[in-house]
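Just below is one structure, and these are the notes that go with it.
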Amino acid sequence: MNLTLLILIPLLTAVMILLVKGLQQIRVVGLIGAVAQLGLAGWLLNSFLNERAAGNNATYLFESNHTWFKALNINYHIGVDGIALAMILLTSLIVVAGILVSWTMDKLSKEYFFLLILLSMGAYGFFISLDLFTLFFFLEVAVIPKFLLIGIWGSGDKTKSAMKLALMLMAGSALVMVGLFGVYYNTNTFDIVKITQLGIPVGVQKFFFPFAFLGFGVFAALFPFHTWVPDGHASAPTAASMFLAGISMKLGGYGCLRIAALMPDAAHTYSWIIILLATIAIIYGAFATMMQTDLKYINAYSSISHCGFVILGIGMLNKTSINGAVIQMVSHGLMTALFFAAIGMIYSRTHTRMVAQLGGLLKAMPFISTVFVIAGLCSLGLPGFSGFVAEMTVFMGSWQNPNSAYRLATILSGASIVVTAVYILRATGRAIMGPISAEHALLKDATWNEKLAAVLLIAGILVIGLAPFLINHLIMPSTDVIMLQMGKVNLLN
Amino acid sequence: MMNYNILIQLRQELALALLIFILLFIKLGKDRSNESILNFINMALLINLGAGFCCHETGELFNGMFNTNALIVFEKNLLNLALFIISMQSFAWLKNNKNLIEFYILTFTSLMGMFFMISSGNLLMFYLGLEMSTIPLAAAANFDLTKRKSSEAAMKLILSSAFSSAILLLGISFLYGTTGTLTFSIITAHINGNPLQLFAFILLISGFAFKISAVPFHLWTADVYEGSPVAVTAFLSVISKAAVLFTLVNLLYKVFTPIADTWYLVLVVLAAVTILIGNLFALRQDNFKRFLAYSSIAQVGFILIGISGSSQAGSASLIYFILIYIFSNLAAFGVVSMVSALTGKENISDFNGFYKTNPMLSWVLTIALFSLAGVPPTAGFFGKLFLMMAGAAKGNYGIIIFAALNMVVSFYYYLKVVKSIFMDENNTPLEKLEVPTVSKIAMYICVVGVIVTGLASVVYDYINSLSFGL
Amino acid sequence: MQEIPLTQILFVSTALFFIGMYGLFTRRNLITMLMSIELMLNSVNINFVAFNKYLFPDNLDGIFFTLFIITIAAAEAAVAIAIIINLYRSHNSIDVDDASEMKY
Amino acid sequence: MMSNYFYILWIPLLPLITFVILGLFGRKYLAGISGLIGTGSLLTSTLLSFVAAKQYFFVDGKVNGVFQKIVAFKFTWLEFSPGLSIDIGMIVDPISVMMLVVVTSVSLMVHVFSLGYMKGEERYATYFAFLSLFTFSMLGLILSSNIFQVYMFWELVGVSSFLLISYYFNKPSAVAASKKAFIVTRFADLGFLIGILILGYYGGTLDIGLLIERLTTASSTQFISITSASFLGASMLTWGLTLLFMGGAGKSAMFPLHIWLPDAMEGPTPVSALIHAATMVVAGVYLVARMFPVFSMDETALNIVTYVGAASALFAAVIACTQTDIKRVLAYSTMSQIGYMMFALGISKNGGEAGLGYMASMFHLFTHAFFKSLLFLGAGSVIHMLHSNEMRDMGGLRKIMPVTHIAFLIACLAIAGIPPFAGFFSKEEILTAAFHENKIIYGIALFTAALTSFYMFRLYFNIFWSKEAPTSNHAHIENGHNTHDTHDAHDHHGEGPWVMKLPLIILAACAVGVGFIPFSNLVTSDGKALETHIDIVFSIVPVALSVLAILLAASFYKNQNEKSDKVASALGGFYTAAHKKFYVDEVYIFMTKKIIFPFIGQPIAWADRNIVDGFMLLLAKVTLKISELIKGLQSGKVQNYAMYFFGGILALSILFIYIWK
């Protein structure tokens, strides 16, 4: 099948949104587009598995390669492997949910949905591109919509957060750019596949890896470049927060993974730094979360902690841990999107996100509260939900690293699951349980669209949580390839 | 036969001359309504633009003083395009101005000078073209005869440009003294990099730096931009800059090849300072024209990085960027001139809540600003990226990193404008503006250009096929 | 009689140039500043003529250049004075410091 | 072998299905009959487990005199890397089958009891959904064939206990208790997890059978590597097992991780009966028993188990004597009994006569499940009637609730170890084992036994004797246990409906009967039958002690008098300390509230806002500041411009003619 469809459908949807009139039409068009995309992603998954079943062991399937800027040897080269596919599925799911959640967005609805779709388009393009230039192009395409979404439709100190987010992400992509230039001028191509074949001189790797990796790290909320996360998420409107945490932070993780695969020597050289930063992010994020009083801040900080696992998994550089990192990306995407959706639903009713001002919501809105609790349980890694699978895989992988310092890092990150339990239960106990205040007692429960959105995301979480072998089966071959590129197959065997 | 050649190779200059004459006659003849004149002029410019593309052949006239080739023709066409857009955008401003013909005569003359400068093969011709392009602009800067700022701007422009041309002439004289000729092709052979020559070169380069307003020769820019009418500002910021840059590349790549290492370093230093200072000043501006002035200074810094690559990609990316710059910058100036012509307001703070009243203009401005900032999918992204790639080709990553970080700073001030348009609350936003159709068309052209030029790689490839390296 | 060496002429022209520059920097009166610029241009003219005469006597590039410079200087002066007059209309002064509203 | 035990799959599956159905549709559609659905499905799995037990123990479990470990089925759920994978499987061996019987039957009793107890609750369906969830998780836990699978269900039972404790979610104390329970056990589970990682890494597998096989054959490479590798002076084996035990101690409320258990009594009483008396809390014991062959390879780990167990047993017994909340008394007695089981395991060896402790521990686990759940259910019906669990609100209830009274008495006798009640047999075995292995432990055990019977009868007399029956039982509504409007709507005089009496009767019967099961032939450390005999001479001492203790209790509490208070005041500081549970809670609270929050949490949160983020902001501020500073360059004076121009030229000239030339 032609992967370009993955870009064309959102593009078409966006254009359609510009053409139609009225909230009703706009959101319907948006939903149709998103659902179509979801269907497409499903179909893609199906045909991907068929191809694999038919014994097609190419690293990337459905490749197509068109010259773009001939003079500069820039190609529009696209293709997917299991990891990219997982990301695409995640994105399409979250987009549908996001559209559903913002069903009643009546302020400048046209622009709102247009930007949402544009953002998602950037993500799709990013995940399918096999050419670093295209990759970078789509990476930046996904940035500006966030700025506008937060700045226009946000809450609180929105413009400041929007500005901070945009600038930090742009700084990140500037670093990425430098790194990519370095690669380009030492291989004369942006093509990931070619570069992997050619290999990059070790010196060059050592010099440019930090730029590229940290650049993507900014997107992945790597300590200490995470400060855009709390404000950005807190100020953003619900759907935007979902996209931000669910999709755009994944761009960073995915980029880090690709970079590590492209520059294995540097990755091995710097892995201890990566692990150090990741561990700090995990612990630090967890403790910082414990002190938050605003639901969105709680979730934002916990995202820092959870994305730390992604980086940790990548930094450990063995097959299991990288598997874990990928699963964690998907899991965290779904989970945190669900969390933000629930918070958004609560906020839209109670008009406060302060934990102290909430309480006993389970009585008034059982559905939303249940969603909240489920998201929370997933976040603290309860078996049966995706979070458990992801984190355990990361732990397992990291533990395979016999270096005792790395073991220590693993244990410390492991300790974060206790802290996670603390803050999740504190929030739940205060906001969802306990006595309910009089004015909240009369609030209505979720509407159909909110329910649908939540159910979609929960379904995703459960599928991974109950049948992890499915996603494992999907991504394992790709991680094998990456490990081969890394020149180090899993340390166990 | 000879005459025939002249007709072909000089056709763009001749066309302009013809236009100027026609305008003179119109001025002399019985007065017509401004609309009709403007429409006529725009038509004429459109035809002129189209005609520019018709046919081009390589050749030289006046034994090497004037030479032309596909690239030069293309460059001139770019300038024509820019002028066309500007003229369409200033419709609202000129409609009620009784001196519009003078405006056009001045701009056309200046443009003609630039044409000669671009295709000059000889220092004398170059100097003539330069002056011919500068002096009318000084007059044009003073076009709002009654405005204090306007005359101040004109004064600053004429004085400092006179000073710079004196410096330039000194350089030329030393160059002449050390090489004994004025013809580019011969000069190259005589350049051996002795101190006097280097000094001459530096004087020359500073003359150029003044015209393209590179730091520290930029100080006139902001004031002149702020003072003069928007149309003139647009002309200054896009057309004259572009023309000088074309000439500069031509000189550096073709003439000063023996001292390439030196001028590479000069360019890098200038680029670094220019980007930095431009950004730092742009941060604080509230007057929109001043803001654009400094942003354009910063842009020049990036251009210099691109040129310093001194490869085919270098000049190609320069021309490509100029094309994009024409679209994006003129889109921005278009909106600003619209606002200033209809409301007289020129401050960024006046744009608070602009989106509520003028969504169309807001989007045009936003897209333009994003393109200037270099955000995909606008063309500015590609332009800037290619410039830096060209610069990076030399392997000097320090400047690239420096530029990359400065890009972030520039994002800040571009986004600040976007913020004021979309996000800042304002109880009394600008009222809904009646944009003349012509200007609308111009803006649409710009927006389409901004979107298409980047994504459609054919443009770049074509330019690349034309351009040349060291 | 022996002829004057080139260097001495260059001394003169350079001196002239910097006198002009000094005038431009220090004088407050716009007209005077304009005159100083003319001074600089003339020093360049001397350069050209001198170089042409002493170093490359076989063709007349320098001389021609001088002619053009003189012409253009005239044109420049014309426009400049026009502008200055206009400035005088709006500012009632031709002191350069009075025309420094736009800054920063 | 596989196929003929495959039906075991249904035992956990049925509750799961019930949970899903009730969870999704319970509230809306099945509100009324949800209890029946839950009970019905559980009845089925109970019967199935009995079938399984019969088949295993008496038909085909034994192959030439040894009970086999049978893996009923198994599939790879999540493969980490070749060799290391979480397999969902089902292991059938004596202890798992024994536990099957215990869990299903107790759970069934609790279900039946709840039909009456929870009647009219607003979230009736939810309650049963959670019960089924718990039952499923517990069954999954005991059937696990893979250590990581154990961990998963371990977490699941944790969360279902959390959900059930916080069932009365609008009651802050309940929420706090549930939080405490989850977090404390979660902390212990961290140890469990790391233990798994260690054992898995060195053992090269997560499959329990394989792990045990590899780590018990002293010649295997894995064993050598794990014993040779050491950290902080202890071998990795010790570390792994100790951390594993840490997990077990957390779930089984061993000192010092016990603090959650008493608070967990905030949950509905049947829940306490099921989770916090009979099943979940013994999971730790079960875990140690499950890994016992490996434990037996490492002396240190076993000693830790022993002493922690003994300490907890004593500690809890002492506290239990001073508590006045009847459920808390029961909670501490549970803790103390589990301590018994733990040290019984600790002092045991693997296999043969020396394996007596193992068998005894399992036996005690088995019997304890019945009489302890009976105690809780009895207490439940008392509380149900009085809406209070404070002793002082009770007394003289033997007339009003005879069935409860008798059942409770039987249970007390059982736990006190008076023959011929169940507790006697199991306790005797433990004491025998202790006597043979470790005299100190034996002493502790003996003393604890005496204490046990004392506080149990203190409880008994306080509830059913001491003062006269209360006239109006609504005098106490205000204090304690959730007083729902639905409850206040109609009084419950007497002991409530038959569904609440029936379980009491059945369990009482068990408490009498199960002691006579020839346990030593069925459940032993090595699967071979074990010769045990009740030695009358040996039994005299403990029984006598117990009887004395009972008489003491009787004299104190049978009728209201001052003796107890005198003793209390005589003991003075010790008494208050015990009454205050030896201030362990306070220590924890100090640790969290005074150390972690202010010294770790807040500084980090502050640093993030002010240092890390502050640095980013600082960059922006500095940039703006600089741009403010240099604005003078643009002076507006054209002459200065010219000067800068000239300056630029000079700079360039100097740079390029003299420096870089």
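Going in written order, the chains are labelled A, B, C and D, and every chain counts its residues from 1.
One rule holds for everything that comes next: contacts are C-beta pairs under 8 Å (C-beta built on N, C-alpha and C of every residue); 3 or more make two chains touch, one makes a residue touch a chain.
Remember, predicted model here, so these are calculated numbers, not experimental data.
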item: Central chain of the complex, centres being mean CA coordinates; value: A
item: Selected pair, greater C-beta contact count between C-D and B-D; value: B-D
item: Computed distance of Cα centres, subunit D from subunit B, in Å; value: 78
item: Distance between chain centroids, defined by C-alpha means - subunit C, subunit D (Å); value: 98
item: Gap in Å, rounded to a whole number, between the CA centres of subunit C and subunit A; value: 66
item: Approximate Å spacing (C-alpha centroids) for the pair subunit A, subunit D; value: 36
item: Residue list for subunit A, restricted to those that touch at least two other chains; value: 167
item: Touching two or more other chains - residues of subunit C; value: 24, 33, 96, 99-104
item: Sites on subunit B at which at least two other chains make contact; value: 155-156, 159, 163, 222-223, 284, 412
item: Interchain contacts, given as pairs of chains that touch; value: A-B, A-D, B-C, B-D, C-D
item: Touching residues on subunit B, where the partner in the complex is subunit C; value: 123-124, 127-128, 131, 135, 138-139, 142, 145-149, 151-156, 158-159, 162-163, 165-166, 169-170, 172-174, 176-177, 180-182, 222-223, 226-227, 284, 290
item: Residues on subunit C engaged by subunit D in the complex (per definition of touch); value: 21, 24-26, 33, 96-97, 99-104
item: Subunit D-facing residues of subunit B, complex; value: 155-156, 159-160, 163-164, 167, 193, 195, 198-199, 202-203, 205-206, 209-210, 215-217, 219-220, 222-223, 262, 265-266, 269, 277, 280-281, 283-284, 409, 412
item: For the subunit C and subunit B complex, residues of the former touching the latter; value: 17, 20, 24, 30, 33-34, 37, 40-41, 43-44, 47-48, 51-52, 55-56, 61-62, 64-65, 68-69, 72, 75-76, 79-80, 82-84, 86-87, 89-91, 96, 99-104
item: Partner subunit B, residues of subunit D touching it in the complex; value: 620, 623-624, 626-628, 630-631, 633-634, 636, 638, 640-642, 644-645, 647-649, 651-653, 655-657, 660-661
